[in-house]
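Below are two complexes that have chain A in common, paired first with chain B and then with chain C.
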Partner chain A sequence: MNGTKRQINAWTFVAPSLILTLIFGVYPVFWALKYMFYDYQGFGTPLFIGLDNFERLFRDKDFWHSVVNTFIYAGGKLIITIPLSFILAVVLNRALKGRQLLRAIYFMPTVISASVMAIVFYVIFNSYNGMVNQLLLGAGIISSPIDWLGAKYALLTAIIIAIWGAIGNYMLLFIAGLQNIPEDLYEAASIDGAGPLRKMWSITVPMLGPVLQMIIMLAITVSLKGYESIMVLTEGGPYGKTEVMYLYLYKLFFPVSSGGSSIQQFGYGSAVGFTTAVIVGLITLIYFYVSKKLNDIY
Partner chain B sequence: MKRNQWMLAGASLLLAGSLAGCASSNNTNAEAEEGNAAAGQTKLVYWSIDRHDSDFIEQKISEYEGLNPDVDIEFKVMADNYAQSVDIAFSSKQAPDILRVDTGNVPTWVKKGYLESFDEYITPEMKSRFESILINEKNTVDGKIYTLPNIGQFWRLIYNVDLFEKAGITEPPTTLAEMVEDAKKITEVGKAEGAYGLAGNFKSGSGFERIAHPITTLSKTEGQEGFNFQTGQFDFGMYKETLEALRQIVEDGSMMPGSESLDIDPLRAQFAQGKIGMYFNHSVEPSVYKTQFPTEIRWAAALPPTIDGQQNGVSQVISGSYLAMSKDSANKEAAWKFIEWMYSDDVQTAYQEGGYGVSVIPSVAAAAKAPDIAGIEYFLPTKFDGIYPATPFGATEGRLEGTKKMDVFNRYIFTGGDLDKEIQDLNTRYNAALEKAVAAGDTTVEAQPDFSAADLQGSLVIE
Partner chain C sequence: MSTLQADTKITSSPASTIKSKALLSRVLLWIFLLLVAGFALFPIILAFFGSLKSNLELTTGTTLLPKEWKFENFTQAWTSANFARFTWNSMFISTFTTIGTLLIGTMAAYAVARVDFYGKRVYVVIQSCTLFISIGAVVLRPQFDLMVALNLQKSLWGVIIILISAHATAFFMLIGFVRAIPKELDEAAFIDGCNFYSVYFRVILPLLTPALGVTALWTFRGAWNEYILPLVFTMTQPALQTLTVGLAGLKYGVGDAAQPQLMLAGACLSMLPMIIVYIFANKSFMQMTAGSVKG
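On to the complex of A and B.
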């Protein structure tokens, strides 16, 4: 095959996804980059206002509160999800009877839509007849119902749901990584007298390095961007206690709650969108810098 | 090998083409359906947001098509993300000819260029039937009519008669103090079975409003939605007494646990099970308890309590908009004829008698019988119900900086705080946003120094 033909073939394959990415991925970014300097509500003539939207953003306590909530939500989710899914992966990577079934069960939440998940969890966690309270009351652990979706516990409940939804997914990625570790390394370590913990620490973890780095990066970005289940569960309430960055952003473009204004704020929303993207991008970059060693070990 | 590569490439292109084609598939369907309509027929597309009356509307459409064989109407209920669906339809030139419009969207949709004014089409006779209930920025924008009202939401305190009797209460509360006291008594006798005095769907912003708006509008004369018509400024002080009463109910432990995260439907389900003593909602509730949550409990409804027992204003009736016509319609004459027929006394009387809503059109209210639904009698228009003018609340919140009033108030109700300070801060921020909204031309609502809600008393009943 000559060079030109090879080029044509390559571009033919790349073109469909490239066109779709340009239309649905790149164009909206440029659109937002323009309108973040405008006062624009989706109708009339957009009014150029320079950096006013960013000035407003720095004054906007609700936005920064949502950033803090996002860090708590993402941090809480990651701290539990990553170790737990790793342990599950190690256990289910062994010659265990019924492991395929167990893998499927743990993976199940990944294929369920976040909104459906949130509706089911609303039934489980609501304070007046939710199953969690009934179980805890029945077991004598609590004496009166806990308001799991109230101001005190709503974010914790959202984190629990996120963990439940994510564990199976990361478990599967870890299993894929574990299966790439050559068995003879473990055999050699056994001959040298290494125990299971030693093998885990000296072989499994270092050999998983690059995979681990990617999984954690994926988990960080997904957690920072997560909002769907919270939107269904609490709409960011009560009074902003579960408001996360992307839900705050979503509401500016698509106001969701009755009782509030239904006017879209495309200009300010674009500025918030840009800032949230920068925040997520910066955290990812910092993570990559800090986790460089994970790549080196291999 | 080469052939395989080209076949794969061809398949990829086909796939991409079909994906890209998704966007225009509706158009193709519409064209195909148009083709299916009998020759010479005018095709009209009608979108609604209401699911509860879709059977009635379909029946009326069939009736209209029978009377007008040259018209074919395609009716679609677009219940989810309606505003977004309408935006997309207009930007992709697939807008319906006739569309249901919510009050809050009228000025915005006019500015977006979606709606055709009725002025060229409406007859003087028809106009006179609606003249007394036309409201600026709900029906009219810049003096032109874009939609007409049909039914209204009549707001009441809804209560469980069994729980009231158990608590030794003989009458529904008429003052805020009585409401607080009754909630306490009901909780004392009901808590062991999981029943509480009062509940609100505070998950949504409307949770606070469902309680506060009826109480405040019936108690006071200056305005609603925090907007004082007399001064043309926001003054959330109008909610102070109601907020303090709700805070007291929470402190007493008489608010149903979980109200902070409650939606309206779970609230209704709990009420139907006898777990809630009182809550506030509007005239759709009888049909809800007839079809959605059939209940064994004895319930009734009454006019909302007021601050001191005096009914100085009118309980707000949410009403104002119903059908609108698309500016892009190629068949405006035919669309108008259908709209005119839908607004006729005959159709609107049948609508009320069918139990789909309580009409605010005076000629219909006078002629229509009460629907055959248990409990609707509590929601029929009284002297103390009235439609307020439009406020600039929506346009103002679109320009608001900082926390919205619903979050501020919900936080106060459930956790307390310095209410005067919160109200002052809200007034400052909302009035600053109002100034911006006026400057940007988002609203034309102005102060009405002579406004008094007392003047609205009796406006919806023909005596």
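On to the complex of A and C.
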């Protein structure tokens, strides 16, 4: 069980994973790294144009507008989702009657496809004849229909959908983390006379530290990348109010039915892809740095 | 305010106030829990009742329950909107993606967790890079070209292979679970005559079973929810479209005016198999909570 034989054994087990990752995960990145310096529309000979794509990018107001929208979208989603799912996890990790049923209910949205749900929300949040407005009007809560998918509220509706789909998922991850905390710590704390809040602050949070850090980091990257439900719900409209950066990027490669450019732009799209990845990477790094600092303070 | 009252009362009759305070916090807790439950369920409930209304009632009615139950919405979606085909395609993709991901993920996780092989660090760095670096839809273009080269662009296998290739999340979930299995068990098996491969099949996989349930749930759900990838691969091939792609396609209508009641019926058809799968996968999740994680 040592030496070269074990090395070869291990490599045979890693090889399928590595080969698939290299071909379908790594190669496309290098493809983009090459074509971001080219003028390439998917046909004809790609033309090397140096940094022209990036020059265009920095002047592309639509793109930077979509970056701002992404921050609002991701921030709005996380600020509600993370605390709410953490509280639910703590509550449902205790002995509570009906907790299995509640867990199942909260987790249910996450098993339903984001694009399917976007269709449902598209129908029920419709401003003229959507069920949400009809029920609110019928109950006398509002006096005139709210234009949920209009310029004013569309981004908020998108955030509501994102929160709806995410809570159960992060609750589950938090519960998995909580179950790794030894029960005796809480018993010892009870004997020492610690109350529930004290236990939360002095045992749960520090013991959950690395798991918490990982889950939040995952949540940040996932919410910055998400654009499926927006694509189905509004396609970035009206007037680009819900355009997030990854959706903007998608349209450069696969132009959609309404709005925007209808020409594929692989070269410029690659430059946009590279830049969005850098933006997400920077935010992740900043978070990592800050949360590490916070850990040191503990 | 309430705490202040409670504090003053404590001096008079401690036992009863503690009791009523506990009752109050219980009631508040349950109101909170039920509100969240309502939030989680309202779109599903609205979609269900809406799918049974007529077009006219859906667009003008103000009641939750349909006045006239139109079950034919479902048969119409199933037959004329081709949902039978979409369901099969979704099942096919999700099942094989899950099997492939679990196989490749557990193998890699086992090797990484147990052997210090040459190049391990590089491998793990590559995997975590694919997890955190995302250039979004850009990758779909070269991926599509690769599938054209492999002549798989007109088959569901192209989508499945790409979904399996994105197994970094499953890999990192599984590596934690493998590490939780005591190394002494491997060593004992080696002494009993097992080799690298039989330890994987006889020790690691059986002990991973609860964790596999969780990872399978995660992977299956991911493949089922996938919209962009199958959309790009099946834009021009309706027969290969999945539920997500087919349903979103209803939004653009087929010549007719928008038919919201059909969209909701289609959405319910898309949710139903997943909810059934969820009930089963949910059980394996409960198994995990029961014990293995503490390992």
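Everything that follows uses one rule, which is that the second predicted complex is superposed on the first by the 286 of 298 C-alpha atoms of A that agree within 3 Å, B and C clash if a C-alpha of one lies under 4 Å from a C-alpha of the other, contacts with A are read in each partner's own complex, and residues count from 1 in each chain.
By our rule, a residue touches a chain if its C-beta (ideal position, glycine included) is under 8 Å from a C-beta of that chain, and two chains touch if they have at least 3 such contacts.
Bear in mind the structure is a predicted one, so any value in this text is a computation, not a measurement.
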Q.
One more residue to check, A:237. First (chain B), second (chain C), both or neither?
A. first
**Q.** chain A residues touched by each partner, larger count belonging to chain B or chain C
**A.** C
Q. A:86 contacts which: chain B (first), chain C (second), both, neither?
A. neither
Q: Figure out whether A:147 sits in contact with chain B (first) or chain C (second), or with both, or with neither.
A: first
Q. Looking at the overlay, what does A:254 touch: chain B (first), chain C (second), both, or neither?
A. both
Q) Touching A:61 in the superposition: chain B (first), chain C (second), both, neither? A) first
Q) Looking at the overlay, what does A:26 touch: chain B (first), chain C (second), both, or neither? A) second
Q.
Taking the superposition on A as described, I'd like to know which of chain B and chain C A:284 touches: first, second, both or neither.
A. second
Q) When the two structures are overlaid on chain A, which partner does A:16 contact: first (chain B), second (chain C), both, or neither? A) both
Q: Return first, second, both or neither, reflecting whether A:174 touches chain B, chain C, both chains, or no partner chain.
A: neither
Q. Which residues form the common part of the chain A surface touched by chain B and by chain C?
A. 1, 9, 13, 16-17, 20, 126, 128-129, 254, 257
Q: Show which residues of chain B lie in contact with chain A when the two form their complex.
A: 2, 5, 8-9, 12-13, 15-16, 19-20, 81, 83-84, 87, 104-105, 108, 111-113, 194, 202-209, 256-258, 260-261, 266, 270, 275, 393-398, 400-404, 406-408, 410-411, 414-415, 440-442
Q) In the complex formed with chain C, which residues of chain A make contact? A) 1, 6-7, 9-11, 13-14, 16-18, 20-29, 31-32, 84, 88, 91, 100, 102, 104-124, 126, 128-129, 131-132, 134-135, 137-138, 164, 167-168, 172, 175-176, 179-180, 221, 225, 227-228, 231-232, 246, 249-250, 252-254, 257, 266, 269-270, 273-274, 276-277, 280-281, 284
Q. Which of the residues in chain A come into contact with chain B in the complex?
A. 1, 9, 12-13, 15-17, 19-20, 39, 41-44, 47, 56, 59-62, 126-129, 145, 147, 149-151, 154, 233-235, 237-240, 254, 257-263, 265
(Q) Quick check: in the complex, which residue numbers of chain C touch chain A? (A) 29, 33, 36-37, 39-41, 43-44, 46-47, 50, 58-64, 104-105, 107-108, 110-112, 114-115, 117-118, 123, 126-127, 130-143, 146, 161-162, 164-168, 171, 190, 195-197, 200, 221, 224-228, 232, 235, 243-244, 247-248, 250-252, 260, 263-264, 266-267, 270-271, 274-275, 277-278, 282, 285-286, 288-289, 293-294
